[in-house]
Amino acid sequence: MKIDKEQIQDMYLRMRKIREFESKAQSLFAEGKIPGFVHLYLGEEAAAAGVCACLDDEDFITSTHRGHGHIIAKGGDLKYMMAELYGRETGYCKGKGGSMHIADRERGILGANGIVGAGHNIAVGAGLTCSYLNNGKVVVCFFGDASTNQGTFHESLNLASIWKLPVVFVCENNYYGISMSQGRHMSIKDIADRASAYGIPGIAVDGNDVLAVYEAASEAVARARKGHGPTLIECKTYRQRGHFEGDPGTYKPAKEQEEWLKKDPLPRLVNIMKETGFTDDEIAAIDNSVAAELAAAITFAEESPSPKVESTVEDVYSDIVEEVRVR
Amino acid sequence: MSVMTYGEAIREGMSIRMREDNNVVLFGEDVGAFGGCFGVTAGMFDEFGEDRVRDTPISEGVIIGAAVGSSATGLRPIAELMFCDFLTVGMDQLVNQAAKMRYMFGGKISLPMVVRLPLGAGVSAAAQHSQSLEAWVTHVPGLKVVYPSTPQDALGLMLSSIDDNNPVMYLEHKAMYAAKGEVASLDPIPLGKGDIKRAGTDVTVIATGKMVSEALAAAETLAKEGVELEVLDPRTLNPLDVGLIAQSIEKTSRVVVITEECKRGGFAGEISAIIAEELFDLLDGPPIRIGALNSPVPFAPVLEQYYLPNKDDVIAAVKKLA
Amino acid sequence: MASLGIIANPASGKDIRRLVSFATVIDNNEKVNIVKRVVLAAQAFGVDTVYFMPDTFQFGRVVEESLAREGVLTAEIRILDLLMEGNADDSTHAAECMEGLGVDCIVVLGGDGTSRAVAKGVGQTPIVPVSTGTNNVFPQMIEGTVVGMAAAAVAALPDPYKACVREKRIEVWVNGNMVDLALVDAVLTDDCFVGTKAIWDVDRIRTVVVTRCHPATIGFSAIAGSCQIIRDCDEGGFVLDVSPEGRRTKAAIAAGVVQDVGIANERVLKDGEWVRVTVDCAMMLALDGEREVKVVSGDDLQLRICRSGPWRVKPEEAIALHVFQK
């Protein structure tokens, strides 16, 4: 498969943005500036970047509680994301969603999701729209290893298969469902094996190699666009942090963590870039642009006002504003 | 003007919009060539084709989920659950997804979807196929809930439900599908507008679904004794037409609320609480709730009839108030 | 004392060829069943110790627990104490280690790539390569019970090499150093990245070198097989360039994918004869179907075929010798 320099640069940009955003979110959470829960995508950047590099703005994705990476890779705006993490009026969700519920309909992002396994069903619905309208759009459903134990996984792959929907199911196998290692939460090793139960192709790729992910996703997306139905891609990757910030991840063996850090997707891509002829200056220029964009996003978030309390009852419905509290 | 059954009116409401708008699609278990378990969608497969009237596997979660995803991306789906009771299987998609997506996403995604929920007892379908679960769906912010009691209302409310840009739970009583009635208008009935099914001066009876006919039967009996009941069908449970309820109670000063739900924790309790809280000064006595017994729906006809509220309960409640 | 090593690659059978062609899917639980049959047959024919490569799926543990629970395990199961990296090097290291322990035979479950990794680690220990996928030329599709019997037979034979063939291999030399090897084919492609490893796009292929070829095989050796038949026991190999202007021929380049391919400069290679390839841009050399070795413009890339590959057991001959020559 031909992958040119611009495409590699594009994937690196997406990965670097995710890495920096998440690293910053980690420290801002530690400083107490971000309320609630934060589930970081650190270490899994290649999966989102490699897959989303195959998509157009009008294609759809569904995401998970660990959704920042998918949203950034699909073109989400860092400043509205950061403002939402801060709970500000200018955030993607006007401060009503937070980290786990960011969506951007304009960019086809049908939302991060706080319920494990819920995105599968929604992706199938979006796939129905694309298939019914025959508009050549596809849907990528991102989810983790543990969510494939939910009934929604079964229901969705089955329906997508019988209706030949243009949905690419991308499992980010990071080997843990919260504290439970994969070997404890399922009796199989390759989640890709589950595809055969639905009569669809299932493949496993090195999820920390963005080019491998890109190749696999390109083929699966092309297949979906042609109306050939869904594909299951398992990206083998690793969550470098705990389940959420504040989880020390003591259940992860130190040696395992160490081995996976050696396979960190970013340095691996940087090596490939250098082999491909990128200069240090070119790479630094991308890094600097990301740093500037992130700094601007944080300023935007910090200078944005908190939402007005009256807005609590807005946006429940398109046409009804519920009563405000009478005290 | 024509006479239709309740089931035909639901079908006609869906069909009218499907003829006008290609983005309206219908899916559910056996709704296609089979015509639906209760025959409600009979003929729609032939008229609209397999692309628009789709059989799904027995997968309630993804039936509701597919409605969420497809409505978020441009379609106006109607999802049928074969029985309202099966909502338990798809509850996450309804409660955590459909009801919350617009809000969580800051109002930037609309979900114009209808979920049809055949509910109610009276056909010996026993505990897992007969429940009235109005309270569950009305409790969740983000859902609208309608419950027609006549063919005319079934048709008009279906049109408005499809037109609405929010998830609408369309409750339909399975024991009423064959009930006939005049359908004089093919216009939508706006959500949130109740209807006076019988005008009266003495006691307001607020009734929903199949209980409307029980209330009307009670009114016939009591009329012979000189007591005139006003029977009010809110038709939409959320948003509720509190204005119409207030107007009626202003006239009668007494109110009975009858629904088919188990009495404890039912939506009738919410209606009664609103009346007690907001219309207390108009009342001559406490609002009285009538519901089914607080047991699962039993199977044997004799038990089921004993379980269900009926016109005699209404008569007794009215007499108690007098 | 007869011992057996088992190297089962948990990663085989689910690469991108399931998407771009119609390659066979074999899940790990099916591989477990195959391995159980290997162990049962081998112990019945006298093997008393079975060594396993440790792997992420823990084939050895799973097989041991299951057979012990059923009360049918008589051989001793030992899992090698090796640090696993989760890549093909694991198979190479395990093969080295098993040879060091003096096992009589190594059963290899996987595709061409797995056999290649094992071939890098063994010298004189006979191997039984068993196919658990498609696109395979080197390992055979063969019932696990027969594999177990054959492995046990080899262990019992006074001269095991009587039932074996010494395989050829392709040596890959870059700038004067041997950097890698292949058992069946080495394919130069103008892909610049490892990516998903597999190759399926014939338009990107420049040169094909094979140790064996037949039109009835699957993969890039099939292209050469449309010119000439060369068997594992024959001398030398074959080389050709893929070129859109070349002579057209049909070949099954992947399972379910029969394509028109243009070929040029095709010729037979003698044992030890060097093939020098001009490298004018960054390219990847795919070995036994997997993109492995990157070469860049100016590199001196040379390939040659030698009969210094592993000893491969011929299962039917091994069992026949064992049964009838006792």
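Labels for the chains are A, B and C, by order of writing; each one numbers its residues from 1.
By our rule, a residue touches a chain if its C-beta (ideal position, glycine included) is under 8 Å from a C-beta of that chain, and two chains touch if they have at least 3 such contacts.
Here the structure is a predicted model, which is why all the values come from computation and not from measurement.
Which chains does chain A share as contact partners with chain B?
none
Using CA atom means as chain centres, which chain is nearest the centre of all the protein shown?
Centroid comparison flags A as closest.
Looking only at C-beta pair counts, which chain-chain interface has the most contacts?
A-B
Take the average of all CA coordinates in chain A, do the same for chain B, and state the distance between these two points in whole angstrom.
So the centroids are 39 Å from each other.
Measuring from the mean C-alpha position of chain B to the mean C-alpha position of chain C, what distance in angstrom results?
A distance of 66 Å separates the two centres.
Could you state the distance in Å from the CA-based centre of chain A to that of chain C?
So the centre of chain A lies 37 Å away from the centre of chain C.
Residue numbers of chain B touching chain A in their complex, please.
25, 51, 54, 56-57, 59, 61-62, 64-75, 77, 92-93, 96-97, 101-110, 141-142, 144, 164-166, 239
Residue numbers of chain A touching chain C in their complex, please.
For chain A paired with chain C, touching residues are 1-3, 183, 187-190, 192-193, 195-196, 201-205, 209, 211-212, 214-216, 219-220, 223, 231, 234, 259, 272, 275-276.
Looking at the complex, which residues from chain A come into contact with chain B?
The touching residues are 60, 62, 91-97, 101-105, 110-111, 113-115, 118, 120-130, 132-133, 139, 151-152, 155-156, 158-159, 162-163, 314-320, 322.
Note which residues of chain C are touching chain A in the complex, please.
These residues of chain C touch chain A: 10-11, 14-16, 18-20, 25, 27-29, 56-58, 85-86, 191-197, 201, 204, 282, 294, 296.
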